[in-house]
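Consider the two complexes below, in which subunit A is the common component and subunit B and subunit C are the respective partners.
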Partner chain A sequence: MTKVNPDFIKKVTTSEEFNATACINCGVCTAVCPMDVELLPRKLFRYALLGLEDKVLENTNVIYQCLLCKMCEENCTADVHIAENVRFLRSYISKEVFKL
Partner chain B sequence: MPLPIGDVIGLMVDNLNKRKTVFPIPHKRATEWAKGLNIPEGGKTVIYTGSMYQLLPYMIAAVKNMELVEDSFLGKFVFMGRFFNRMFNVSAFVSMPKKADVKRYRQIVHNIAKLLKKAGVEFGYLYKKELYAGTLAYDLGVDDAFSLQAKRVYDLLKENGVSTVITVDPHTTNIMRSVYPTIIDGYDIEVKSYLEVLAASDDFQPIHSVEKEITVHDSCVYARHEGVIDEPRQLLERAGYTIKEPKDNKALTHCCGGPIESIFPKMSHTIGTNRVQQLKDVTNGGAVATMCPICMASLKKASGGALEIEDISSFLVKAFCD
Partner chain C sequence: MSERRIGVYICYCGGNISDFVEVEKVRDAIENEEGVKVAKTTMFACSDAAQQEMINDIHEHKLDGLVVASCSPTLHTFTFRGVAERAGLNPYQYVQVNVREQVSWAHTDLKEQATEKAIYMVKAGIAKVRLTQPLKKTRIDTVPRTLVIGAGISGLRAAIAHSDLGISAFVIEKSDRIGGWVSEFGKMYPHNRLGSDLITELSEEIKKRENIHIYTEAEILTKSGSVGDFDVKIKVKNEEISLNVGSIIVATGFVSYQPSEGEYAYGADGVLTLPDFKELIDNSKGEIIYQGKPVKNVTYIYCVGSRDSSGEKGHAYCSRYCCNAAIHASLVANDISSELNQFHIYRDIRTYGKYELLYREALQNGAIFIKFDEASPPRVEKSNGRFNVQVKDVLTFGEEIEIESDLVVLVTAMEPRENKAMNDVLKLPVSLDGFFKEIHPKLRPVETVIDGVLIAGTSQAPRNSAESVAMSLAATSKSASLLMKGYVELEPLIAMVNEDTCVWCGKCSEACPYSAIEKISSGEKEIAAINTAQCKGCGCCVPVCPENALAIKGYTDEQIRAMIDAMEVLL
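On to the complex of A and B.
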């Protein structure tokens, strides 16, 4: 079970770096991703926008598996800054979990 | 079991905070590429290596050891490595590079500087003062350590009166040109890749004829982050090479897998193998040109010697230099 964390929603939606709210859920990003990981990046961002912090954190490995190659961004019709969004989640984990 | 991400990143960040690089190597190794080139120290325009090419032989050796630890019980002890690394440079023990790799990557930077000289570009070098640009810390989202390093690099450039830097790899180009301005107020350093500088010089013409088919592997960072797509092709064509394009090319290039190698070595190898197959499909007796040290290392490893893969500068130097 997981629980929505309103503070996490606030951090995500008020961040200047995280702009996944523009996502239209077309799924092209996942289709072209060379990693072939279902969660990357659309579902992952959906978890973040919904405030499902637990789901985001239990997928820490996937967040660091992103190559930041921007193949998804090149094909995104909604101008989502996908690599920067992944970096935002890494930054969050670095501070909140790894204490770096 | 994958490598413990927090400890691996922590180790690199500790190095960056304490030793000003994610992977400490001797100064001699970082600067010896410049031997015999008579490059003046400092100047308004400098070549900026960020030690990316020089670091690669050490990273190749470290990753080989990390592959042994990945999926083994030894992964649980990485935290101990991090603990001791705070007192002395543990990285030096886990990354004894092959001499051939040190020579290969040193020669690439040497060749790039030779090409710039041949094009009549006047530039200096900061030698021992030069700092790592902080790429890995940025990519891994360790923002505090990255910001500190960015500030160190900017201060270094300003203290030495540098106004233009010529970069030699895509990652340092991207960080210094597109990322630093977003975190440093008033950032005013002009940043150009050596490929852009050479391509813009009409006087830069080949002196030897070369006949070979070259398959171009675009770096994701050059092609998608920095828009450096035409310049490497213009230079190879000017040199006389015939260009071959893999299925995924230019702005839709396929990643080499290298960016995740420090944490997921096996997964990185799979991505590299997929890309090598695309390169093999169009390379028939010719060679593959890369323009990033990470791409070159990843693809060479994934090809297992089945393809001739070299940095683009190695091909250019044959046509443009004595």
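On to the complex of A and C.
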């Protein structure tokens, strides 16, 4: 059981950069990813949207594995800025976890 | 020998019939049947040229019976009745034989037998026509007044629409005030206007009109008469009033589903139904306070009482209004306090049509939508004055998450309102889910099997107020089309009583679903009498009569026997 953190949701959903609310969970991003990442992009964004901060942080490695090649973004049917969203999560982790 | 002069027309239907039935052979087989004066085949019996030919034949040969062997009577009964009428022949001396749906289309692999079957069916048709009598439609003069039951938004709107058309409206309302549910609502979707304002506007409009009469604390006691001319007795407070109206509009609305104690922790302070939550936010300014405490997190649980017939109280149907209403309520709540965190736990979001924009807006405002599977519904637990709502999120493939909430809003179903006393009077059929039934959702919406009694709004099915009003206006136009013509004509194919053999045992009256049979005195004895305006010709009374004193016009025992005999020749 993971607790929802409303403050995390606020940070994510009110940011200009993060736009995953448009995600329709179709799975194209996962299908075209050349890195065969352990965590599906759509699932990662869902964690972020639901405010499951612990789940997001658990997957820090995956978030940094991404090549930001934008293959997913090019093919996204809902115009989600996937690469930008990953950068947003990286910047969040850098600040909040690594205190950079 | 029969003295009848019958014309028989057998249709090719451009191949639909003639590809499998030898139409010419059918004609040859029946042309010498007793009474047949004209026997012809035609490429399309329904074409203008063929219709004109029939009319000419009827005049030339002085025909007094017409048989068309073509398609289903559903399609063309009225076409050929029209032919008969235009030729001066009584339309009820016409019989249609269905040699397309029942023969050629049904026996495409058995041509010979199909032809044989067509022959005996046409012979049966001729046998039936030989025994037809000219019948006249019953004509009833209509009264330009309507009775509206229920003074909610649907009923009030219907009353004003009738008044616009010059038809007086009597509105009766069970409670002590008008406006129903809508009068209690604050901001409503999609226009954000206050429900109470809408009702005030309607009630101001009603005050300006002399031909609308509103009775509160009123109910219907009895109804007699029939379409276009009902006599109705109503009770208003302690007074009885008699009204004479041409139509009745039933707009009795819905009740809101009441969750069971403990259903999603219902009963605990802080677990509210959607109407209760609406009331809370309609009275909130600046921030939302519940029982002295500011509200920070609100969790909505959708489909409570809807789309689940497993329990005792659940309903199989979707209540239709609730996705839109709950999302709109969350937008209103967000306007009051944008600090609010709102979680929508849903099975499917059904913000159909333009209401999709509400859903988009809620997403943009940061509302979180969590889909649950029907098999594992969310759980609500109370802890430290707040609620932990636990749910398995389908979109993360079953991640179990927990939301701390100050308020849990149960998005509750619309239920049919029980109107036993009223329906003992009106006898409207009720569908399996408890709402009143219309005859056909596309071909005859708002109409019931009781002619002149129409249904509108949520008495028929769950719907929002905009849809309810649209339906009440549809019922109004149906009502006005009955009443403004000044008269209605009813089918004469109804029951008749043989006064010599009837001994009034009452069995027919018990069997009649339309209350169309009553006892009258005839000379020294009592017999059954048919209310010609109420009888639908369903035939329920015929087989229960121990004296065989009842028959349906156009379908007498004599006719049916003659049809069977005509077929036995071949069998």
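Note that the second predicted complex is superposed on the first by the 97 of 100 C-alpha atoms of A that agree within 3 Å, B and C clash if a C-alpha of one lies under 4 Å from a C-alpha of the other, contacts with A are read in each partner's own complex, and residues count from 1 in each chain.
Here, a contact is a pair of C-beta atoms (placed from the backbone, for glycine too) under 8 Å apart; a residue touches a chain by one contact, two chains touch by 3 or more.
Source: prediction; values computed, not measured.
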Report clash or fit for the pair subunit B and subunit C bound to subunit A in the combined superposed model.
fit
Answer with first, second, both or neither: which of subunit B and subunit C does A:98 touch in the superposed model?
first
Contacts of A:1 with subunit B and subunit C, given as first, second, both or neither:
second
Between subunit B (first) and subunit C (second), which, if any, makes contact with A:34: first, second, both or neither?
first
Answer with first, second, both or neither: which of subunit B and subunit C does A:14 touch in the superposed model?
second
With both complexes superposed on chain A, which partner does A:51 reach: first (subunit B), second (subunit C), both or neither?
second
Where the C-alpha centre of subunit A sits as vertex, the angle toward subunit B and subunit C in the overlay (nearest 10 degrees):
140
First (subunit B), second (subunit C), both or neither: which does A:89 touch?
first
Closest Cα approach between subunit B and subunit C after superposing, in Å?
22
Identify the residues of subunit A that lie in both the subunit B contact region and the subunit C contact region.
none
Which residues of subunit C touch subunit A in the complex?
296-297, 341, 343, 363-364, 366, 368, 370, 390, 393, 395-397, 399-404
Listed in rising order, subunit A residues that touch subunit B in their complex are 34-35, 60-61, 64-71, 73-74, 87-94, 97-98, 100
What residues on subunit A touch subunit C, complex-wise?
1-4, 6, 9-10, 13-14, 21-22, 25, 42-43, 46-47, 49-52, 55
Going by the contact rule at the top, pick out the subunit B residues touching subunit A in the complex.
2, 5-6, 9-10, 13, 138-145, 220, 224-225, 251-252, 254-255, 257, 259-260, 263-264, 267, 271, 274
